[in-house]
Every structure is written in C-alpha cells, then in structure tokens.
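Each of the next two complexes has chain A plus one more chain, namely chain B in the first and chain C in the second.
For the complex of A and B:
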C-alpha cells in the first residue's frame, strides 16, 4: 500500500474513532446508542465550512459557533428528550424513535440554514511538511494529533478525574451509583456535554478534508457505530482501534474491489461483527 | 369501540375515500400515494407497536416489491402474477435474516443494520444498470392479467384501498390474539415473557418478516399504478417520512398508521414540500408527539371523545344526586 494512502487511512480512522468515542461516552452515561451523533458532527462541520467560506470571518469565531452548536444539540438530546422520556416510558424503543426523529430534524435544520450544496471548510492551519520524502499537509497532522490528544485526555479523565470516575460508576450500574449518592443526573449531563464537544471537534477536523453536505451524517453515524461495536466498550481506546480497523477495511475494499462496493462491504462487515462478536474486541466484566 | 363496529366504520371510511378520489386524476395520484404510504406505515407499525422492534429498511422492501414487478414485466410478462409471491419471499427472507443477526442485541443494532441494508439496496439499484436500469429505472410496466381480467387504473387503486383495509384489520385482530399478546408481553419485559415460555426472538423475527411483506406490497402498488420505477423513490428519506406516520397517528391501533399517511400526504401534497421546511415540521411534530402526547392523533381523539361523553353523563345527573 502506498504511504499516502496509509496516511489518509490513518486520518480517516482517527475520525471514525473520534465519533466512536462520542458514542462510547454517550452510551456509558445514558445507555442510549445515539446515532444522532453523526448529525452533531455534520452540523458542526457544515457550520464551520459555511462560516469559513467567507474569507473575512475569523476562524476563531467559526470554530466557536460550530462547536457550540454540537454541544447545544447534545444538551437538548439529554435534557430535552431522553430524560423527560425516561420518566414516562421505560422501554427502549421510544428512545430509538426519538433519536431517529432528532437525527432527521438536525439534518433538515442544516439544509435550511446552510443549503443543500456540499461545502468545503478552510484549513485550520496551512502548509505542508515533508517527512521521509512524503508531503503531508499540516492539516492532516493536526487532525491526527488532536484526535490522539482527545483520546488521551478522555482516558485519563475516566481513570482519575472526579466526574470521569463517577461516569464509570454510573455506566456500570446506574441504580447502585444512585443509591451511593452519586449525582447521577449531573454526571450524565457532564458526559453528554463532553460528547457534544468531541463531536464538534470531529466536525471541525472533517470539514477541510472533504466537502460535507447535510446528508453526510448518515455515513458518519454508521461508521462511528461500527467503530464502537468493533472496538467494544472495554477501554476508552477501543473506539480508536475500531475506527482504524473500519478505515483499513474501507480503503482496502476501495482499492481491491472498487469504490462502488463501499456500502456492501460495510453492510457485510456490520452483519459479520453483529453475528460473531457483538461485544467487540475489548470488553468489560461488571457484576450487575 | 368494539371490533365489529371498528371494522364497519373503517370499511365505510375506506369506501368513502375511494369514491372521493375517483373524481379526478390528480386526486387519484394523491390517493395512490396515501395507499403506498399507508402500506409502508402499516409494515413499520406491525413490528414497532407489537414487538418494539424498529426496522429502517422499508425503502429496501418497497424497492424489492417494485423492482421484482418491473423485472418480471420486462422479462416474463406472462408470469407477472408470480412476481407477487417472489418479491414477498425475498423481502421476508431478508428481514428475517437481519432480525436473526441482531436477535440478541439492542434495538439500536437492528436499526443500524436495517438502515445500512436500505442504503446498500439503493446503491445497488443505482449502479446495477443491467438488472435495474440504473438511475433511469424501468418503464413500461404492464398491468397483470388476473384470471383473464385486466384491471384499469381505478380498479387497481380500489384494490389498493381494500388491501390497506384488509391489512389494518388483520393487524388489529392480531393485536388482540394470543400471538399478539405474547408479542406485546415480550416488549414490556423480555425476561418475564421468556420465562413464561414465549419464544421472544422468534416472535420478533416473525413480526419483522410480516412487516417487510406488507411494505413489499406498497412497492408493488407503486410500480403497477405508475407503470414505472425509479431508484430515487426508494432513498432512506422515504423511511424517515414513513416513520413519522404511525407515531403521528397514534400507536394504539394500526389505523393510526393509516391516518398518519393520510395526514402527511394531505399536508405535503407529495414529496416536494417535504424537501423544504415541511420535513423539519414533521420531524419536530413527531418529537413533540413522542414527548408530550405518545398516544398520537387517534389517541387524542379518543381521549377527547371520552371526556365529552363523561361531560354529557355528568350533566345528565340531577343536581340533588351529586
């Protein structure tokens, strides 16, 4: 495989991993697989691309607007939809329906606000580095570095941080955590807002790579979910491993079978993982 | 409402609807859309309301129905009637397979697997020109000859309306039957139902397969009435649109799904309005219904009726007796 292909493969894998990490945190906090997450990422990315298209807009402002939109959506999902719903219905399918409806609402909002045309964001930093005879854009290096940093921070936060440790407790057994007096509602909210933040950053990093449109969220949601399922929920690093695997399989299939086969290969991959190892590569054992 | 009265009322309403849309070709177009959406919504309603399983592959099942009819009409027009069982079989096997793979996983896994299947089928329709005609689809679909009778457009639409009535009535019956009760029990508490000997996974797979068969019929109606099929009629967008119908109408009865289809078509006049702010409005409405009034439109009407009746009853009681 050529080196440049490897670089783009790693970068895409880092992106899928980041979305997978969002799924991971949201799942640990609320028990909900939030596939509206792809829509948060898409909205932040399209918002950034749309603002940064105008060369006079400052990048900082565009970044803040884009990331806060993703955080706002995450907050609405938890406090506006999931928590009020959990108070009245106990079965899971209400949450699944609400998440699908929300995904559609964000998609339509993005198309109304930013139009249906695919938008390419301005690069966060310009320039190209030459490493070992291979030219790599600073933007690509930045994307991978930021992803690694986020994973490291989240891993340390979950291991040592105050809310991180409480989040693990809530994720393992919410009732036990509640009866021990943990502020479950606040812990959930913190985790959900962190998820929104991660999604916002993921959107920023994705926007300069490829033109995004309001419909890009479906593939983000699907690939991030496969990254999560493939990796498992055993460690916060699992989604990164899953993301890299998905990205490797995707680029190998594009190279050896053809780009048209992407949807089929991903479907086959998801069904294989679901039937053979739905718990993922890294798992945790918890006494219920 | 008793079952017999419900059957009679809905049959009368269906005939009324049929007579109403007879009056113009434009209304017939909208009526066809109502039939197609109602069948899709009923297909989604069956596993959703009875088993709590949300499948998102309904665009694919409808596409299977439409394209099998189109391909039979192109390659073997004499055997067109055979397309019906073939398409239903393909859909049911696929739905059962997707349900089987995710049988021990959460509803989210099922939703993602079915959504991916729907997307893959749309990609396949677009890219397999030799079989599906690619982006231009397949035209000149013939009308089937049923025992020597060739139904015209109006008769086909009439058959479609009767199909909706039959299926909604059948689902209403299923809800109250032992199988339906077992399905709903496993939705409420899978562990308790399994402990009582309910084959939970098998029931869910059965409901998913039955739902896919109903959605396949929707695709067939679309192909036979329009005489052409296009891949872009079967995008994932169709699934979102259909998803809102049972919720808006109300999940307590299959007629909620039919009412939802009627409401969506009445307010959007087809697919175009849905591209703009219409889609956002329906998405927000659905979220609102889920959050505030989970009983939907029919549930709201029933509650209103009950309150009115109680009001009358209270008014009739003489003052001294209170």
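For the complex of A and C:
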C-alpha cells in the first residue's frame, strides 16, 4: 500500500475509531447499542460547518455550539428515552427502536436547521507539512492527535478515574452495582455525556475533511458500529483497532478493486465478522 | 396667463422626453415563469448561481433594462406590457421529484418553465412540458439528450451541449497528442448522464479510456482513485464530478499527492465559484472548455449590471449569461407570438436566428429551428485555464472556430 494511502487510511480509521468509542462507552453504561451515535456526530459536524462557513463567526463559538448539541442529544437519549422506558418495562428491542426514531428526528432537525446541501467546515488549523515527499494537512495531523489523546484519556479514566471504575462495575452488572450502593444513575449519565462529548469532537474534526449533510449519519453509524464489532469490547482501545481495520479494508478495496466496490466489501466484512467472530478481536476476560 | 411659444415648445419637448425615459411600467396579470432549482442536491452550487441571475434579470425586465439586447427585444418593460414574476420549486436534483414539482409550478400558475437543476432532472421534467404543452427552457443544461426525442417538442437549451463541447475537447487533445483518458465521476444522476455522453463521443473519436473512477458522496479524499489513475498511466485526467465539495477535494488530493497528470474539466467547475474557493491554489493549471470570453462586450455589460446588484467581487459565471439569454428569448418570442401559449411560443423560438447572446466568444449568437432546439453556435465555447485560483487565462494553443 502506498504511503499516501496509508496516511489517508490512518486519518479515516481514527475517525471511525472515535465513533466506535462512542458506541463502546454507551454500551458499557447502558447495555444498549446506540445507533443514533452517527446522528450525534453528523449534527455536530454540520452545525460546525454551517457556523464556520460565515467568516465573521468565531471558531470558538462554532465549536461550543457543535459539541454542546451532541452532548444534549446524548443526554436526551439517556434521560428522555432509556431511563423512562426502563422504569416502565424492560424491553431492549423497544429501547433500540426508540433510539432509531431519535436518529431520524435528529436527521430532520439538521435538515431544517442547516439546509440539505453538503457543507465543508473551516479548518481548525491551516497549512500543510511535507513528510517524505507527501503533503499532509495540519488539520489531518490534528485530527489524529486529538483522537489518540481522547483514547488515552478514556483508557486512563476507565482504569483509574472514580466514575470510570464505577462505570466498569455498572457495565458488568448493573444490579450488583446498585446493590453495592454505587450511584448507578449518575454513573450512566456521566458516561453518556462523555459519549456525547466524544461524538461532538468527532463531528467537528470530520467537518473540514469531508462535506457533511444531514444524510451523512447513516454511514457514520454503520462504519462506527462495524469498527466496534471488529475490535470488540475487551478494551477501550479496541474500537480504534477496529476503525483502523475498517479503514484499511475500505482503502484497499477502493485502490485495488475500484471505488464502486467499497460498500460491497464492507458489507462482506461485516457479515464475515458476525459469522465467525461476533465477539470481535478483543474480548472481556472473566476470571474462572 | 399667456404661455409664450418658446416656453410651450420647451415644456412640450421636456414632457415628451420624460415620457420616453419613463416608459409605462408593465401592468396587468403577471407572466409567471416557474423555475425548477436544486437547493439541496449535487447541483445546488451551480443552481443557486442561476437563481441569483433569474431573480435579478426578472427585475431588470420589469424595469425595462435590456442592455445590449434592446436591439433585439426593444425597450418596453415587462413582456408584452405585462410584468414578469418567477416562482420556484426545489427538486433536490432528484429526477423522481422533478415531475411532481414541475406539475406543482403549473398548478401555481406558471406559463413557462425554466429548468436550472441537473440534466438528469430536466430529462424527466420535460415529460410534463410535452404533456401540458408548456414551453420549457433548460438554459444551463448541457446534455444533448434533452433536445432529442422523445418528449423534446417543447424544450429548448442555450448552453453548448456536451457533444459540441466534446468536439472541442477532442480537437484540443489531438493537438496535444493525448490518446489515453482517465475519467473521474461522482455518484449523482447528472454526472452519469454527462459522463455517458462524453465517453461515447471520445470513444467515437478513437480516444481510449484507461481508467474510470467513481467518488462516493462525502468522500474524505480521493487518494485511492487518484493512485489507480496514476497506475493506469493515462495522458490526461478528465474531471466529471458535479458536486462542489467532492471536486474541491479532488484537486486538494491531486496537490497532496503531487500528481503530475494534466487535468481537464468541464464548465461545471467554472460554474461553481465554491470549488475555486475550496480548492485554492490546487486548482491552478486546470483547463476547462468554458463559455465566457473576457473580450465579449455583451458579457462585460451583463457582468457589470450583475455586480452592481451583487457586489464588485460577486463571481460572474456563464450560468447567469445563459439564463439572461433565455429570458430575452422568451420576451422576444412572447411578443412575436402575442401569446404565452406553448405551441405559439415554440413556433416563435424555432423561427429565431442570430439572436445576440451574452456568452461565448465575441459575436456569438443563438439560432434555432424546428429540428434544432439547442441554440448554441460554434462560438459558444472558450477554453480557459485556471491561474491564481480563477479561470482567468484564455488558452493560447487552440480556440474553437
């Protein structure tokens, strides 16, 4: 694989990994696969692109609005949908369908608020570095660096942070955690808000790199989910590994087969993973 | 009081001159032009430029400002003494929606339809034109299929078709010694329609396609496609991407990869200033068969009027020119026919020859006939090259006609 393609693959894989990390944290906190993750990322990205298109708008304000929107939607998902449903009836399928409905509501809100044409956001950092004869935008370097930093912070938080350690307990067995007196509701809420924050950052990092529209969320949701499935849930770094693998396969198929093959190859990959190793590459080890 | 004769004469002359200068404003029921635009799909960027032109030029028609076209259409404001108004519907560059939206425009009173969305949309929408016997103009579309049967009886185009443009490309490539082409397109219906026409024309001229790459919507870069193009070893890369962000990403990727392959594109690029802005210096060196020449006085007069309204830095592209020409043709045809009836307007336009145009090389004119609903002539195309981020250099190797 050429160096330029490898660089491109890392940039894209980092993005998929971030979305996969959002799925990972939400799943650990609530036990539910949140397919609205892509919609949080899309809304944040489109909001940032829309605000930053106007050269007089402050970048700081655009960033705050974008990330806040994603955090708000994540909060609505937990406190507005999942918790009320859990109090009335234990129905996982119902919860997933409610989240899918929210996904489409966010899609339409984005269309109403920002229009339907694809938008490209302003770069957070301009300029290009030439490394080994290859030009790499500083924006792309920033995106990868921020992604690595987020993964590192989340890994440290889960291992050593107060709420991170409680999240591990809640995620493993919520009833036991509640019996032990852990503040389950607060732990879940913190994890969900962190998920929203991660999705918001993913959106605003993606906006300067690819034109986003209200329809972009579906591909984010699917690719982020495949990254999670491929990587597994054994470690917070697993979605990053999964994201890199998805991106590598995507790039390789476009390079060696053709751009048209991308969707077919990814679908075949997902089916293969579900059939042969549905638990993913990294699994949770349970002591005997 | 006794009026002295010289005073009376001067007063009468002044009143007469004032009367000439202030022609009666148009009155009565407005003539409604229904516009199919794209506000949200792949054609948004260039459709929006066309709509800006339509809004301004309709106002200019109602004020009686006809610029160089006054010689052909007169100076009476409005059309046949009636004011003109435009109503708009968004088909999202989705041909499945175009028919519905066209019917809606007609239900809302449109007597003439303008299509300024993608060619794929117009190919569907023209069915309604034939069915309802309403005159339709597709001034900005380049697909030759629009004016070919079936359902071509009531639709006319202004911009040189891709077939005419393709003969210009073929001659340019012949002069440069190019034989092997690499195509790059996006997923939109318009790109497919336009690409098919060019592929067919180039193949008939003996040019070989060595690569045919597709860019998906929302692609973050086009590195994989460009590496395949480089590996295929073509003489030239031909850009048929319709979406502005995707096109800009293409040039940024070309610059990042330091790809040296010569690049040619279509007037989709010159019609979308957003591409130039997003691509920046990465677009320099690109050659395009465009439709505006810097020394055409008609173009410059229209450009000045446009920039007076939209600002001195407002990009002026061929889209505004062809929309102006279409409106002037409608005025001429309606006043000649004495009606907005579709069949009469059609007959009037089919009888129009050497109509002064605002685009193309100096002296370019539009001519139609019963079996020729595309008015563009051989002087409609101009080969330009991008420099300093704008299509500012007239290519000195070859110009058509």
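In this section, the second predicted complex is superposed on the first by the 285 of 288 C-alpha atoms of A that agree within 3 Å, B and C clash if a C-alpha of one lies under 4 Å from a C-alpha of the other, contacts with A are read in each partner's own complex, and residues count from 1 in each chain.
Operating definition for what follows: contacts are C-beta pairs under 8 Å (C-beta built on N, C-alpha and C of every residue); 3 or more make two chains touch, one makes a residue touch a chain.
Quick caveat, the model's predicted, so the values are computed rather than measured.
J.: Please determine, from the superposition on chain A, whether chain B and chain C clash or fit.
T.: fit
J.: Could you say whether A:113 touches chain B, chain C, both of them, or neither, answering first, second, both or neither?
T.: The answer is neither, since A:113 touches no partner chain.
J.: In the superposed arrangement, does A:255 touch chain B (first), chain C (second), both or neither?
T.: A:255 sits against chain C, while chain B stays out of touch.
J.: In the overlay, answer first, second, both or neither for which of chain B and chain C A:156 touches.
T.: It touches nothing on chain B or chain C.
J.: Check the residue A:33 against both partner chains and state whether it touches chain B (first), chain C (second), both, or neither.
T.: First partner only, chain B.
J.: Contact-wise, after the overlay, does A:61 reach chain B, chain C, both or neither (first, second, both, neither)?
T.: Neither: A:61 stays clear of chain B and chain C.
J.: So, A:180: does it touch chain B (first), chain C (second), both, or neither?
T.: After superposing on A, A:180 lies clear of both chain B and chain C.
J.: Thinking of the overlay built on chain A, is A:104 touched by chain B (first), by chain C (second), by both, or by neither?
T.: Touch partner of A:104: chain B, not chain C.
J.: For the superposed model, what is the least distance in angstrom between any CA atom of chain B and any CA atom of chain C?
T.: Superposition on chain A places chain B and chain C at a least C-alpha distance of 7 Å.
J.: Across the two complexes, find the residues of chain A that touch chain B and also touch chain C.
T.: The answer is residues 260, 263 of chain A.
J.: Quick one: which bits of chain A touch chain C in the complex? Just the residue numbers, please.
T.: Those residues of chain A that touch chain C are 2, 4-5, 8, 11-12, 15, 115-120, 128, 133-137, 206, 209-213, 215-216, 219, 251, 254-255, 258-260, 262-263.
J.: List the residues on chain A that touch chain B in their complex, please.
T.: It comes out as residues 32-33, 35, 81, 84-85, 88-89, 91-94, 96-98, 100-102, 104-105, 108-109, 112, 218, 221-222, 225, 229, 260, 263-264, 266-267, 270-271, 274-275, 278.
J.: Quick one: which bits of chain B touch chain A in the complex? Just the residue numbers, please.
T.: That would be residues 48, 52-54, 56, 98, 101-102, 104-109, 111-113, 115-117, 119-120, 123-124, 127, 187-188, 236, 240, 243-244, 247, 276-277, 279-280, 283-284, 286-287, 290-291, 294 of chain B.
J.: How about chain C: which of its residues touch chain A in the complex?
T.: 39-41, 44-45, 92, 213-221, 223-225, 227-228, 243-246, 248-249, 255-258, 278
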